[in-house]
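In what follows, chain A forms one complex with chain B and a second complex with chain C.
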Partner chain A sequence: MQTIWGWLPAIYLFLGGLGAGAFLAAATLEFTGKRYEIDICPITLVGAILPGPLVALGTVLLIFDLGAGLREPWRIFYMFTHFSSVMTWGIWILSVFIPLSLVYGFLEVMDTYPMVWERMGKRIPVRRIKRIVAGVGSVFAVGTALYTGILLSAVGPAIPFWSTSILPFLPIPMMPLLFLVSAISTGIGLTVDLSGTLALPDMQKRFRRLPAIHLALIGIEAVLLGLLLFTAFAQGGAAAQAARDIAMGPRSLVFWILIVLPGFAFPLVVHACALGLGRHPRLVHLGAGMGIVVAGLILRYLVLVSGIPVTL
Partner chain B sequence: MELEGKESRPMEKTGLSRRRFLGLALASGAVASVGSTTTEKLGQQRTEEVPGARYALVIDTTKCTGCRACIEACNLRNNLPEGQSYTDVLDRGDGHAPWFLPVQCQHCADPPCAAVCPTGATYKHESGVVLINEKLCVGCKYCMVACPYQARIFDEKRGVADKCWLCLEWVVKGDLPACVEACIPGARIFGRADDPDSEVGKLIASGRAKPLHPEFNTHPAVLSYIITEG
Partner chain C sequence: MLPSNWPRWITVPIGFGVAVASIVFGLILVSSVQAFVPEAEPTATPPRIAYAAPLSGECAACHADQERLEETAASAEEAQSSYVEASLTESTHGRLGCVTCHQGTPETEDIDAAHTGLVAEASVYFQEDCLLCHRELPDEYADDNLLAPHDAVVDGSAEDLTCGDCHGSVGHGYDRVTGEVIISMAGCMECHEERDLDVGCEVCHVEMAAWSPDTDCALCHMVPNVESLEDSNLLAYDHAQEGLACLDCHNDLEGLEQVHEYAVPGGPVSALRVEMEFCFDCHVANEHTSYEQVIQLTADLEEEVGANPHDSHYGEMECRICHKMHEESEDYCAQCHSFGWQVP
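For the complex of A and B:
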């Protein structure tokens, strides 16, 4: 069991991914023009407003996890200086992404409720600025989501499970990819399955392609998770031990009951039914959204604690 | 006794860290100025305070009896809190043929702890020793996670990462690291890596002393091991 980093990193890795994923979901609707099919689009509204506060909260938690940096906060500025560390890159990415997503949220509110901005008398090209912010922000959203995985994979030989590669013969780390897909999935869960379903009774009929996209994402994430365990098994040593603990050992109950069931199996069935039968019961969609988001948090916690140090 | 130790430790510790920062961060200038008063009592294993000296510590596991005197000596000299240690002695082999593997910071040539450190607090001293500038450390523990030798501890009181620094403050004055001085069976051999005539130089050159887990690719620069066969 990995004991150096406790449960707090799991929460801020999750919040970073959730915020980035929600931003990407909103930006996708912005660029495809779907957002403008309704006056008040709950998906873009939530996906634009929440990422800033969510990722900022994650960053505050990160700072609370520091030792001397918390007691002497000026030391935090040193964290911008050492570019060989992925943490320095992450701090820079977060420093750009948080303000960008706050601006995006502000612009989306201005666009949705134009009364205030119109009363100011000046015609600010809100939509044009919003598109630029969404475009640049998307790059940093992908960066934020990838960073949460790279932070773990960059430790190299010290924790073999975290640096497990995509395939046994393909030395590309799996964690960044898995966390990126999981981030988008939790982001869609929050914006579409939860907010969209709550606010728009006919949401699933309006956005017909969404179940298919979401189904594909959950499928890809399930394949990546399976590959992670497979490659870790093949690698042997501490990585295989971690995979064994997760799949059939002391952590298997958490994995199957709290991650696979609510985060993969249930949403897969829900979206497959929506796609095949055209049925969209609201309560079931809410359940799927909730399951995906909660499973995303628990997945990060599980990956963190399963980071068994290499055997000396 | 308990009280006495507790009262004196924090004071010594602050003195140490200040000297560590002021003295060692300034690298060779400081090393040269610390001086030329060699203590002869240390005999063959004595190191000389030459600027640019590179040190080596060979651990002979065929001699280690697992008495853990090294841990005690290290804890005392570095005023470490109860239950924390720069060095560990792992039990190896089975009950019939046990042997012991002392592990501490290997002072890698490519230290992953220094690479992942977001502030640059961990750095490589020219003597080959990996040091921590405590004034820069934010206490994110990334270095502790990234060290494959699990050689780092966390100083809760000051909120910074900490680890073996090869007793560099004393070593530059010609003394031995505490663990070497305390080793009863003589399993720890310390000397100058850049001196081919030294005992450690010969052990490394002959290939008898090898780095621990070279597959980690961190290229341990100071520590090497003579490992018990089988």
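For the complex of A and C:
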């Protein structure tokens, strides 16, 4: 029986989102051709190689959290056929996404360091295969990121805050959307902001449109987060109580200082300045990236611990 | 940023390190920030049966649809008795899903298969499931001065009693005891009589001896008096709709105190006999402020029917002779005449 939703689920939801977001960032460079402007592109290396291990690690934690994982590991296979359950969607999405992203990582390594493979004599159309894998994988990456939120909204009837809708009169759950946007943000944070800034001396010249993309994503995420609290307030009951705890109650310090400040306010200022001035100090850019990643994790944790079950 | 002689693939382990580090970092940050604020209430345990929530779907497709029920049910009565209002699936109990309490087989459209293993009276078999949420069931309800032998039911010493015997279809929005729809002490009495149990007031009601103007009249006068406030055929209903409470008419507090002092449960209740002036005091707006006015108001009946009910050979008559409050009004004239008046 699930007792308290705390760090463990927060970590695997975060890892799932981070992996999916990083994959999407790498796939975007792949499709826009940006990846091929550099021989060894640290952004696609990280974005292609890491999603597999990150999401797999998250999945291991998820199975561990399910409780049956250690005593009756075969029970996980029952989940593949229980089609009316959202858990089954998730397990199929993960079962496709993890191998695809491992293959994508392998192909990216083959493409980046071709010497080893060329010595074997056979020429494989690496880039063409990689494009297909990146394309199909992107669909499942979006699925994985959405799924982290669907999982929560499915527990909805018991914990109304998690099934808060987009708008009071629009019964589409907010969590999947919020988690998707947040996943993309953290993915870009890890691949572009952190790895790109660390390893590419001419990052800012190469990615001139990046601050605008960042601003748009942060803006959308901020609006979604604001709407989540607004709709939860409007919904009343346990959902409003959760929103109150977050915005001005016992969890407000974590919300404002550890999520809004590093994940929204600071990166917003940094990228707005970058857009205006055309450049910004690398250390600040690194800080903004780190802030977005950490805030992404804490956001998930806060949403989880703030869920208040309905009083029966 | 990185030394230029470092290979670029080094960003992969660094990236992994960052992901792991941000988890550690987040853990430390949150716990240190949370140390500055008062300990938040721990998230309560989501009841395990709440996970059954989506299981109402296929049941509601028929049971919330009158037409489909009538097509498939054996009789109109059966259709009526198994009809469930759709809005009830959103109630606190409804959100648990039909199957949580009534079993059966969810997720099938085959009617026979769906009803296999069905349990109509859920609490007979699944009392523990009720107790999962309703953990604290006191034996005495101080606010209502009521006793309820919950302990005896829970530990099984109350023989064959189950939750459902008293709380009936609470899952369907109607609680026989707390009465979201109706309150009926009659239900308690009936069962006590059936089982040959004591039916004295003190069996359930504690400390009910002293009457005060704040006492809820419904405790003793539910049937027929307080109940009549809900019956739109009666004048008491119209008076209640205007916001009048019992004590607005039954306003002789001293007299009430006296009669209640020696009152016995089930003892006689004398009707209040108001004088016409008492009615005139309030009925200003519809011009019932004197007997002459009342005669005028029905003057046109003289032409239509040949008689005016308010201008009879009896002279001035008290309003209450025809216009009753807690029972149906009466055409006093009809004892001899047949004017066919509808007395409001």
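Simple rule for what comes next: the second predicted complex is superposed on the first by the 307 of 312 C-alpha atoms of A that agree within 3 Å, B and C clash if a C-alpha of one lies under 4 Å from a C-alpha of the other, contacts with A are read in each partner's own complex, and residues count from 1 in each chain.
Everything that follows uses one rule, which is that a residue touches a chain if its C-beta (ideal position, glycine included) is under 8 Å from a C-beta of that chain, and two chains touch if they have at least 3 such contacts.
Just so we're clear, the structure is a prediction, and the values are computed from it rather than from any experiment.
With the two structures aligned on chain A, chain B clashes with chain C.
Once the two complexes are laid over each other on the shared chain, residue contacts for A:V126 go to neither chain B nor chain C. Counting the residues of chain A that each partner touches, chain B and chain C differ, and the larger count belongs to C. In the overlay built on the shared chain, the residue A:A234 is in contact with neither chain B nor chain C. When the two complexes are overlaid on their common chain A, residue A:M87 makes contact with chain B while staying clear of chain C.
Contacts of A:R282 after superposition: chain C is touched, whereas chain B is not reached. Looking at the shared chain after the overlay, A:L8 reaches neither chain B nor chain C. In the superposed pair of complexes, A:I159 makes contact with chain B and with chain C alike. Of the two partner chains placed by superposition, A:C273 touches none, neither chain B nor chain C.
Looking at the shared chain after the overlay, A:S195 reaches chain C, while chain B stays out of its contact range.
Comparing the two interfaces of chain A, the one with chain B and the one with chain C have residues 2, 4-5, 84, 154-159, 307, 309-310, 312 in common.
Only residues 2, 4-5, 65-71, 75-76, 78-79, 81-82, 84-88, 91, 154-159, 307, 309-310, 312 of chain A touch chain B when the two sit together in their complex.
Residues of chain C touching chain A in their complex: 1-2, 4, 6-12, 14-16, 18-19, 22-23, 25-27, 29-30, 33-34, 36-48, 50-51, 53-54, 92-93, 95-96, 107, 133-134.
Interface residues of chain B facing chain A in the complex, by the touch rule stated above, are 90, 101, 103, 112, 114-121, 134, 136-142, 144-150, 154-156, 158-160, 212-213, 215-218. Residue ranges of chain A in contact with chain C, taken from their complex: 1-7, 11, 14-15, 18, 22, 40-42, 45-46, 49-50, 53-54, 84, 112, 154-159, 190-191, 194-195, 197-199, 201, 245, 249-254, 257-258, 282, 286, 290, 293-294, 297-298, 301, 305-310, 312.
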